[in-house]
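As written, the chain order gives the labels A, B, C and D, with residue 1 at the start of each chain.
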Amino acid sequence: MAGSETARIEAFSDGVFAIAITLLVLDLKVPKDLERSRSLAAALAAQWPAYIAFITSFLTILIMWINHHRIFTLVGRSDDRLMLYNGLLLMGVTLVPFPTSLVAEYLRYDGQRTAVIVYNATFIGIAICFNLLWRTAAVNDRLLHPHADRAAVERIFDAYRYGPLWYVIAFAMTFVSVMASLALNLALAIFYALPHTHTARGYRS
Amino acid sequence: MAGSETARIEAFSDGVFAIAITLLVLDLKVPKDLERSRSLAAALAAQWPAYIAFITSFLTILIMWINHHRIFTLVGRSDDRLMLYNGLLLMGVTLVPFPTSLVAEYLRYDGQRTAVIVYNATFIGIAICFNLLWRTAAVNDRLLHPHADRAAVERIFDAYRYGPLWYVIAFAMTFVSVMASLALNLALAIFYALPHTHTARGYRS
Amino acid sequence: MAGSETARIEAFSDGVFAIAITLLVLDLKVPKDLERSRSLAAALAAQWPAYIAFITSFLTILIMWINHHRIFTLVGRSDDRLMLYNGLLLMGVTLVPFPTSLVAEYLRYDGQRTAVIVYNATFIGIAICFNLLWRTAAVNDRLLHPHADRAAVERIFDAYRYGPLWYVIAFAMTFVSVMASLALNLALAIFYALPHTHTARGYRS
Amino acid sequence: MAGSETARIEAFSDGVFAIAITLLVLDLKVPKDLERSRSLAAALAAQWPAYIAFITSFLTILIMWINHHRIFTLVGRSDDRLMLYNGLLLMGVTLVPFPTSLVAEYLRYDGQRTAVIVYNATFIGIAICFNLLWRTAAVNDRLLHPHADRAAVERIFDAYRYGPLWYVIAFAMTFVSVMASLALNLALAIFYALPHTHTARGYRS
């Protein structure tokens, strides 16, 4: 019964992740009412902030989904606190298309700093929810599987101890350079998406 | 066969809940055509009714999803009446983004009372469907699992006896104060989303 | 292996049905730029064609989903022809929000006949796909489970022999009265959604 | 554990495919503000590029989904490289509604060549991801099931050796004739969607 309870949480969460990641495409707008002198190619090229935002958000949600699954591989039971933090986490994930849209719209214009601050704040909020979710499950083995892989548990504790720091740095960088902050976000997304020997071991074990 | 029938109803319902909860983000609009004198931050801050409506609707659908699963943990068979009431319930759930949008758009303007009335009416309609669904399944153990947890069954009967009353109160309050009615909705959503000793027991059992 | 193949087709189809049915809500528009003299309540009431179209389409997709599952309860194997007709069926289902939108927009205006014709034609197309899908599976027991319930198989053959006729009648009625055609569609959707002794037996068996 | 890992990748991917294929309908626009002299039927008929693009994209995503499943029937384990290429593949799939929209909007107008180039480039990108995904799994039996059907493995190697060529040809044709390129895309989609003796065997085996 307990196992089937987390299976249902996972299936619902998977649905939300899949939909949020697919809705990102709605932020790519078809250029309308081109001026005579402007080609469609030029109009599409001018939308590069939207593509950067799309790729960054897509990879970030993808990595979040992978992390969500890593956690639930180790969780054996559910309770109301876990449901609450998972719910808040999903609220953060469904929000992502909104700040992505803000960045796509306002980068290079007045308001770009505000847009990237909201973007970074969303990711920090999600990172906090991930920490709350994980600590609810894992501190004192509260809700972990009796036979959960100890090495995998330790790796997640390590990752969550320092990981959110990067998003705080990205947030702080917004006040120095909006572009650098966005570039750090993209770099983080690509870095985490690339295969790592360490992580690969995590999967195989 | 019967068990697999409810499994399919649950999977389809999960899909609908997950999509409806994710579509709520489409009600958060990127401010367009800012006037010169107005910053993006100010424009975003001015949209606070949209955020209140988003959070209230998100938590409410999340709680509905949890309740839906609690019911189906206890239901062992399906028939056409159950399918009908579940279908009407899902129709109510898919509707939620629409009144949420109304509230986000009209709060603080003419028409805000109408918007919040429609919002409350949607939740009352869904509560009625939940009651019909539950009574179809549980009265005289019509469609319950032979080994359904009796204490859990009683707890749901209790909850559904008085629960809808809160939504009726929220509805009635609209005629006194629109803001108070909305605040009650938000308070209810937060209250039900927070962990409860009682409910926690329900999960563990 | 074969069984798991139809399981995957069902899961994918369930996803498409769930998304198509949830996207219908996007056809309900929040009234914008109300004229001074007009209340939100009046503007919402004036949108009644959208609500009729929403309810009719929702119930119709719900019934299609139930029928889809009834078929796949009896189907044991898959081949390319089944995949093709199922794919065409899903194309029809994903289309439904478009003619629904047409009806919501044009009912009571010039073009309402065209809108309802497209609406009816979509349902006829889907009914044809259902027939092709079912005949591919069931004629000569081509892809049926070896132990498929013979009475259930016969009931579907009966239903599919005369069922599409109603949609043809609704289509033909468009040329007499647009409203009557739409009313027949709604009546059919409600009729099929209501519990039937006969059908109920089909589930229990 | 490894098997359940690919099950989760498949379920998430199925969700993304199902949503992307259903979002295509949002590219079919309800004609607004018809001029007096123009009927709705004429306005709908004038949108034929949108219907061609819808059908081509729908069938293409459908075929991609079938191919994705064929691959995962044979894959037994997962690692980070597989996750990465699957993630990039899904990014390509969620993108499809955007170039579809471009084609629907710009066909027959200035910019139609650009639109169809982007459309073709998206499909080439997806074909490359499919190749990377397959080669990661199958070269040296890296991640294949120990008992994977050898004939099916060979058939996929064959198909992926020459298959992408068609998309390159469609891409090249854009510079000769935009319409011919689009027609080739549609023809390919229909050809692959039609039942083939060869492929059918692949399913049955």
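The rule is simple: a contact is a pair of C-beta atoms (placed from the backbone, for glycine too) under 8 Å apart; a residue touches a chain by one contact, two chains touch by 3 or more.
Since the structure is predicted, the reported quantities are computational estimates derived from the model, not experimental observations.
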Set of chains whose contacts include both chain B and chain A: none
Interface numbering overlap (same over half, different under half) for chain A and chain D: different
Chain centre separation in whole Å, for chain D relative to chain A (CA means): 26
Gap in Å, rounded to a whole number, between the CA centres of chain D and chain B: 36
Junction residues of chain D, two or more chains touched: 11, 15, 19, 23, 26
Topology of the chain contact graph, where touching chains are joined (line, ring, star, complete, other): ring
Contact pairs between chains, per stated definition: A-B, A-D, B-C, C-D
Residue numbers on chain B that touch chain A, as the complex places them: 10-11, 14-15, 17-19, 21-26, 28, 30, 32, 34, 39-41, 44, 55, 58-59, 62, 65-66, 69, 73, 193-196, 199-200, 203-204
In the complex with chain C, residue positions of chain B that touch it: 1-2, 5, 8, 11-12, 15-16, 19-20, 23, 26, 77-81, 83-84, 87, 90-91, 94-95, 97-98, 101-102, 105-106, 110-111, 114-115, 118
